[in-house]
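The first chain written gets the first letter, and so on, giving A, B, C, D, E and F; residue counts start at 1 in each chain.
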Amino acid sequence: MMFESMNWMDLERYLTHDDRIVVITGACEQHGYVSLLSDILAPVEIAKAACAQEGVLIAPPLPFGISPYFVTYPGTISLRPETFAGVVRELLAGLAAQGFRRFLVSNGHGGNTGVLVPVLVELGNAYPQARFDLFQWWTHPDVVRAGEELGLTQRHANWSENFTFTRVRPVPAGEKPPVSLPRTASAAATRLGLGDGNYGGPYQAPDEAMARFFAAAVDAMVAALHAL
Amino acid sequence: MMFESMNWMDLERYLTHDDRIVVITGACEQHGYVSLLSDILAPVEIAKAACAQEGVLIAPPLPFGISPYFVTYPGTISLRPETFAGVVRELLAGLAAQGFRRFLVSNGHGGNTGVLVPVLVELGNAYPQARFDLFQWWTHPDVVRAGEELGLTQRHANWSENFTFTRVRPVPAGEKPPVSLPRTASAAATRLGLGDGNYGGPYQAPDEAMARFFAAAVDAMVAALHAL
Amino acid sequence: MMFESMNWMDLERYLTHDDRIVVITGACEQHGYVSLLSDILAPVEIAKAACAQEGVLIAPPLPFGISPYFVTYPGTISLRPETFAGVVRELLAGLAAQGFRRFLVSNGHGGNTGVLVPVLVELGNAYPQARFDLFQWWTHPDVVRAGEELGLTQRHANWSENFTFTRVRPVPAGEKPPVSLPRTASAAATRLGLGDGNYGGPYQAPDEAMARFFAAAVDAMVAALHAL
Amino acid sequence: MMFESMNWMDLERYLTHDDRIVVITGACEQHGYVSLLSDILAPVEIAKAACAQEGVLIAPPLPFGISPYFVTYPGTISLRPETFAGVVRELLAGLAAQGFRRFLVSNGHGGNTGVLVPVLVELGNAYPQARFDLFQWWTHPDVVRAGEELGLTQRHANWSENFTFTRVRPVPAGEKPPVSLPRTASAAATRLGLGDGNYGGPYQAPDEAMARFFAAAVDAMVAALHAL
Amino acid sequence: MMFESMNWMDLERYLTHDDRIVVITGACEQHGYVSLLSDILAPVEIAKAACAQEGVLIAPPLPFGISPYFVTYPGTISLRPETFAGVVRELLAGLAAQGFRRFLVSNGHGGNTGVLVPVLVELGNAYPQARFDLFQWWTHPDVVRAGEELGLTQRHANWSENFTFTRVRPVPAGEKPPVSLPRTASAAATRLGLGDGNYGGPYQAPDEAMARFFAAAVDAMVAALHAL
Amino acid sequence: MMFESMNWMDLERYLTHDDRIVVITGACEQHGYVSLLSDILAPVEIAKAACAQEGVLIAPPLPFGISPYFVTYPGTISLRPETFAGVVRELLAGLAAQGFRRFLVSNGHGGNTGVLVPVLVELGNAYPQARFDLFQWWTHPDVVRAGEELGLTQRHANWSENFTFTRVRPVPAGEKPPVSLPRTASAAATRLGLGDGNYGGPYQAPDEAMARFFAAAVDAMVAALHAL
């Protein structure tokens, strides 16, 4: 139920029986050896699986987020907080004006969270008849637990973002010691300290482990859609 | 050569031998019977074909444009001119800071053109060592001529946007009389006057005609990439 | 019926029997040998003639538009798209709040069009009881035809902008070969390629030809005022 | 030496021997019985006279200022402070980039002053080689003194703004008691308390008195041009 | 009655019997030998005394204002006019939404006035049921008169801002000749011409004189609170 | 070492031997029974203690943050993310231009974090010679551990924000069950679900426990000042 395979008449029909919609935000930024668009690909694949079960619409993902710490890595595209906030506001307000009422904003990138939250609250204040929930697969308790059951720690660009659909090249074997950087390190300092972009841990987990990890995310999203 | 199948190291290598990049803008708006994302799907498919020949990178498309006249059709998402300008500026300036020098902005939506042009000129004034060209497949003389050779007129949401990859449902047979609306008609007036969203003409052309039409667009883009 | 020769009481009286108003936008930019303010002088003179027939009010013209490509020519003053949009929005919304309902925005500069259109549509969406029409004398079919009947092609700063009221110096005899530049050429590249500022064609047409050309514009505007 | 009677070549020549320019700001707002554009007409006529003596250029006046208190009077057009600041910044920065160095901003409207001052200081901080002076004819000590010598007090829309070139209708005989309103009164409260728009005093002074008053303003401006 | 010694329940109770609130703006900028925060300390102390009499609430002061002319003096923090306007608008609109109706904006810094006035008028236009008055202690006629009775002239950073609560170091004996600078002098020119930051006059007045001066300000503010 | 007890000359002297500065952000928002300004009072008191040891300057705190979820509680003042970002950017960039190089931004309010981080990173990218660190006392590992040693859990408006200097009224005895609300709940839903404003746990801890908790915060900040 992606917009690209629908026309406006399909949406008008949809609105006669449902008013939920998934809006995906993410980032285009370095993810070490895996895809520059991992923060979009992951929420998109999870949403496709969850929305197929629930018959819920998915709006076109916004592929750019707030990533100023990584702009020294080619391919990282970072919006300023106000620009990101502006796009999200106009996107959600526009859909609210067309009759959508229950929004699940599925955000794939941690750098967006702190701007998304106040924007969603403001929208909730402005549209009392609507509801704007935030879903972040990778911080959901069930997904975190699924990671822990694999005996692995989630970190940026490590195994936890290396799905079959984000893997673009072979990754190094073994694992990397955790990298710790000040939260507000500049992009130059970040590249110096972070090297290949992985914040530490194994570069890859077995495919069947990843399948369980992914399934936990899908289940969590299905539950979030029910709870809307 | 889409970002989604590349990591940052791939881009760093690319920048050692090329500095061209294609940046795609479009719209998420009603296109009658065809896909809400036709204005993205068309430039993406054309760019994939052209860039495969030329080995040029394609940045993630911005799927939202300036479409205030269609917001009465569900699924149309419209940004204000300043929001659209902001995203495009930060996207292009960010890539320029990473070493890209020759930009081909492939815009799939007419409503964006009048904002894109001044933004690209301003960027050219600010980055004298870079070049920001605009490519619009559907207004390119060679593509217009290809349409005329089919004996057909290009109009929003008619045959000219009905490719195999934008078709989501069967379309009506036959053709629709041309619709003429004031350029600044409100969204309410537009829906009243435009009905199904097609501005007139046949809803569909034969697939082989569309293949020739598409090929003209690809050839035009290849030439634009050479001319950068 | 220009604001400068009226006081607020005149306007209050006017609003008891009419709710139309002409709002003029244009540019302050190089026009080769003719006035830097040609894009204001032309719509002003045309509006004066048309509004005298119709008894319609003319608001003070905004003399600055979007002209980033010409900033290398002294005297060109260019606003960013968002600044131009902001002024136009506040100007029109302010007049709408005072009771004006039928707006004819007469724009004298092509660089403004792509920002004006979405702004006027958004205003129409926000003020359903009002109407915001765009009039551009130089692209009006009747005016284009009048130019063609003179056997001449309209281009920036050539004969078609050389009226008795925009002529400030003698212009070169003869004509200039057409200049073709990429639409997004930077201001430096534009000056290099464009030289004196005329995009090609005769520098001047006979005065009586210009009178017919001007009259076509006035007639077109009168019709646009009727159609409001 | 107004832009409208010059082309870009004239300005390029001018810049070889002078780098001064007058930039006029004002307002389009109720002025009781006199012209809605009095705050533009006065600085324009004064500048024309002063600049004719000094051979200094005059840029096109920005006809809209900050007048929220008068929006209940038809014909008052008010920009928000940020919009006004934006236009002034881009206008002056653009001219500074073309080689102008000594700016005399002649502001005809008191409501603009508090925004103009910080904008001009910021520009002076950003362009250390340039100078941005503010001239306000009606508050200049010599002009105030000239008014006092007439035995009259300057107030909005009274005799002091009633020049032959701002008078559009006969004005009432006699004078009006001074009106005192809180500085931040809303537009509704202002109209209620202010009635015809004159803040008090005679509606008109003898033409020869006005000629002396005007001459004082011109002399003051000539001195300001010398002092640049 | 400062927010810092209250909780939200206190405010909810307050709103059942009063709807007045004092909002303080000022500056953090050089004041010669006295405190960098003199423009906050003075209105705060005056408000505390006045509001204690009247039982009126005082919102947390915004400690940053518009001071571009002093940024060459360490410790001066200057906001752009649009940033200052934005904070003030959101602060006042937020309180208006919670039930406050009569606002006394007590501004301690002259550089803010010209932006505050239009913002307060706009708010009055937007919230017809509320009232936004401006109080500036140092320009109030009764306070000016109190200064004149001391035989002293108020100027930035001279005796008139040297209260026991703004004095941070011993000040020079005697007085300084008045300094006159163009109103739009850049920060560099200002520091060059102004030296220690005092615009002229005695650095200090006797404490009992200052007590009378302060008392005049408190009385004026009490009257302003009554007049709301 | 607060600005209010210093003049510009003090700062100029300071800059000859140190270039560190503490910048405090927080919020004015409901904190249940304790002060509306708890998120300012806590970082201010901690900074005073830490900076007294280190001899480091403290800039005037910005008392307003991002708190849209609490605007239904009187006294909560919330800025939009872009307004907050603008103030912080101008404040820090202004100090950087005056010679400060090592910034410790001590943020007392969780709702600000997600906007502060990208703003600080952008500033670090723009000023490579400066460093912008973020300190948040309440999330510092040593402070969290100190809380755990008390056997208590930190939650908004519970014991952990009830210091002697934030307590304004007696608080209820005992403790409240933890409240769990969706992160993006609207202000109306938040008030409904949250009642008195405490997110759960004891309303107060013994004073000597609070003294140890506070000391841990001071020590952590001293360490952060060393690490700058």
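Criterion: contacts are C-beta pairs under 8 Å (C-beta built on N, C-alpha and C of every residue); 3 or more make two chains touch, one makes a residue touch a chain.
What you see is a predicted model; the values in this text were computed from it and never measured.
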| item | value |
| --- | --- |
| Joint neighbours of subunit C and subunit B, given as chain labels | none |
| Approximate Å spacing (C-alpha centroids) for the pair subunit C, subunit E | 47 |
| For subunit C paired with subunit F, centre-to-centre distance based on mean C-alpha positions, whole Å | 54 |
| Interchain centroid distance [CA atoms averaged], subunit E/subunit F, Å | 26 |
| Multi-chain contact residues (two or more partners), subunit E | 71, 78, 80, 82, 86 |
| Arrangement of touching chains [line / ring / star / complete / other] | ring |
| Ring order of chains, beginning at subunit D and proceeding to subunit E | D, E, F, A, B, C |
| Subunit A-facing residues of subunit F, complex | 66, 68-69, 71, 78, 80-82, 85-86, 105, 111, 113-122, 124-125, 128, 132-134, 182-189 |
| Residue numbers on subunit A that touch subunit B, as the complex places them | 3-12, 14-15, 28, 30-37, 40-41, 59-64, 71, 73-80, 82-83, 86-87, 90-91, 94-95, 97-99, 168-169, 196-197 |
